[in-house]
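Each of the next two complexes has chain A plus one more chain, namely chain B in the first and chain C in the second.
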Partner chain A sequence: MPVSVGMLIWYLGTALELVFVVCSVARGSYFKYFFLNLYFILSVLTSVGRFVVFTAYGPGSDQYMYVYYYTDPLLTLALFAVLISLFLRVFEELGFAKHIRLGAGLLLLGTVLFSYAVVAQSSERLSTKFAYELSQNLYFVGLVLTYILWGAVLKLRETRTRVVQFILSLGLYFSAYAASYALMNFADKGSLIQYLSQALGCFLPLSWCITLLRYTEESRIVPARLVAVPR
Partner chain B sequence: MSRRLGALVLAMGILVGAMGLKTVFTAHAKGTLVANGPAIPPTPRPSHGQ
Partner chain C sequence: MMASLIFVISVATLLMFFISYCRSLMASSSRHALSEEVRDVTGISSVATGRDFPRVVQLLQLCPEHQGDRVGLRAVAFYYSLLGFLQKSVAPIVPSLRSWADLEQASCGYFAAVALDRRIAYSRELLTQQSEL
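Let's turn to the complex of A and B:
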């Protein structure tokens, strides 16, 4: 991949993440959506760290590979926390907070144990393989959780526009990554598909920024318009 | 069934579903799936692939 295009997407994505945090503070929503902000703050810090190593050692170096794959589970964990915080928001009126936290804890523990069980038999460096495996497994858990959350939004007729848009964007983000991953298996090296997964990193902060700027906390959406119903 | 047991069963069900989905997606995969941020991915190595 030509580094210049990749770098451009990297700068843009990091800038959008910063814009989200700034918009969130400016709109007084920082603590209301704390985990969303935390995810982007961690992502920006990670980007800075990765960039330092990238420029010092290059994209093919062991150093960059280790920094990249060790910081990835940290971000995936933060994204998991984002999802759970959205679950708590959707279910807050039903009083399920304690059970959601318990379920999330069990799910995380199960994922960690499963990831460990998979890599335990590996003869390679365990911690590196574990970090990679955990990140992958948490991604797929996040994908399933997002669709369950979307189902809950439809069933409970959630009307808060911001919450609905955040969840929709997250669903698109996860699904698009899965699609780009599938496409990557058919793509040649150096094709445009190579940029797709990187560009998708810009999608989430962009869509969440638009949501924050376009809608207030009081904005409501008609749930019936979210799903097609037979006449 | 108590709510706690329900949370446990649901969590395990989600985990099984997610791992099944992962198996379907990564069965014949060539690359690596990293879904965080816009950073340039490192040059793939065989030891960190599937």
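Let's turn to the complex of A and C:
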């Protein structure tokens, strides 16, 4: 039963990612949100690749483990690119594009070097451990950057509904992922918590699909209403 | 220890983003003026109250879904329950929180009323299309 639940979540997540890309093309927003689409296309391709190895060698095989751990940082990097593209959208009127790109590049380099420094002290297999460490650190950086971006949205009084909801969904995803990751340390292997992070993978394409379908590029919201405590 | 710390921080940010997400959903419908019909049915004149939400949700269940608004409604319903819990637990100690939670629950009620308005308009559209066929 646990295997079938896991597979079901996997199929559902991949289907939702495809739905997002299709909706994006249908709504004429593919190039407007290019990096969001690129992330989901990469994610679908990765899922297909993982599935091929999964069925050929089995879930416990070395081959599957390598494919899983090497493709994970690739997806996290794509998600990092999504986040930076949202930063560029929020700050586009201030003309900070060059600074943001430079800052993102330096941050990425710093994360890679930090991950390497952590792994270099370990005696385990370097490349696999590095891929895992880089992925985890990028998730943490992503959470912090989303928090900063949300602060900028409030400060700059961003009104574009789609941009605001894309950022909030990303914040929810990163926070929930970090919480589930921490919970996994307490839970036993095979418990329901194990499926939580997998199920969270469905949340991002689902909420972004809803945003894309419900709001147009022209939809606007009152920024003052986003702050929980009125200023 | 580290896992517990990560858990507490991530739950706090999760809650913050969830509240903002619900508020962004409600803010997007705050400019929508309710139709006369919905005002009559729900009894909401211009400003909703916190008590309107459960009643409007019951009415919503009678109408066909419109553009997959169910997910947003569920998120707001959960937010409404969260505010109810806050009112029962923390608000007696912090009185200012009670009025804030009341205002938030009223916004939930207005959001549901707007959803009802859209569903009624959608049902009418469907009926018109069927009669044309």
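We take it that the second predicted complex is superposed on the first by the 228 of 231 C-alpha atoms of A that agree within 3 Å, B and C clash if a C-alpha of one lies under 4 Å from a C-alpha of the other, contacts with A are read in each partner's own complex, and residues count from 1 in each chain.
We take it that a residue touches a chain if its C-beta (ideal position, glycine included) is under 8 Å from a C-beta of that chain, and two chains touch if they have at least 3 such contacts.
Fair warning: this is a prediction, and the values are worked out from it, not measured in the lab.
By the touch criterion defined above, A:R214 reaches chain C but does not reach chain B. When the two structures are aligned on the shared chain, A:V163 is found in touch with neither chain B nor chain C. When the two complexes are overlaid on their common chain A, residue A:S175 makes contact with chain C while staying clear of chain B.
Contact with chain C, but none with chain B, is seen for A:V222 once the two complexes are overlaid on the shared chain. Residue contacts after overlaying the shared chain place A:L102 against chain B, while chain C stays out of touching range. In the superposed pair of complexes, A:N185 makes contact with chain B and with chain C alike. By the document's definition of touching, neither partner reaches A:L134: not chain B, not chain C. In the superposition on chain A, A:L143 makes contact with both chain B and chain C. Counting residues of chain A touched by each partner, chain B versus chain C, the larger count belongs to B. Touching of chain A by both chain B and chain C, each in its own complex, is seen for residues 143, 174, 178, 181-182, 185. Across the interface of their complex, chain A is touched by residues 3-4, 6-8, 10-12, 14-15, 17-19, 21-22, 25-26, 28-43, 45, 47-48 of chain B.
By the touch rule above, chain A contacts chain C in their complex via residues 143, 147, 150, 161, 164-165, 168-169, 171-172, 174-176, 178-179, 181-183, 185-186, 206-207, 210, 213-215, 219, 221-222, 225-229.
Of all the residues in chain C, the ones that touch chain A in their complex are 3-4, 6-7, 9-11, 13-14, 16-21, 23-24, 26-28, 30-31, 67-69, 71-72, 100.
Here chain A touches chain B in the complex through residues 1, 3, 6-7, 9-10, 12-14, 17, 43, 46-47, 50-51, 54, 59-61, 64-65, 68-69, 72, 75-76, 79, 99-100, 102-104, 106-107, 110-111, 114, 124, 128-129, 132, 135-137, 139-141, 143-145, 148, 173-174, 177-178, 181-182, 184-185, 197-202, going by the rule given at the top.
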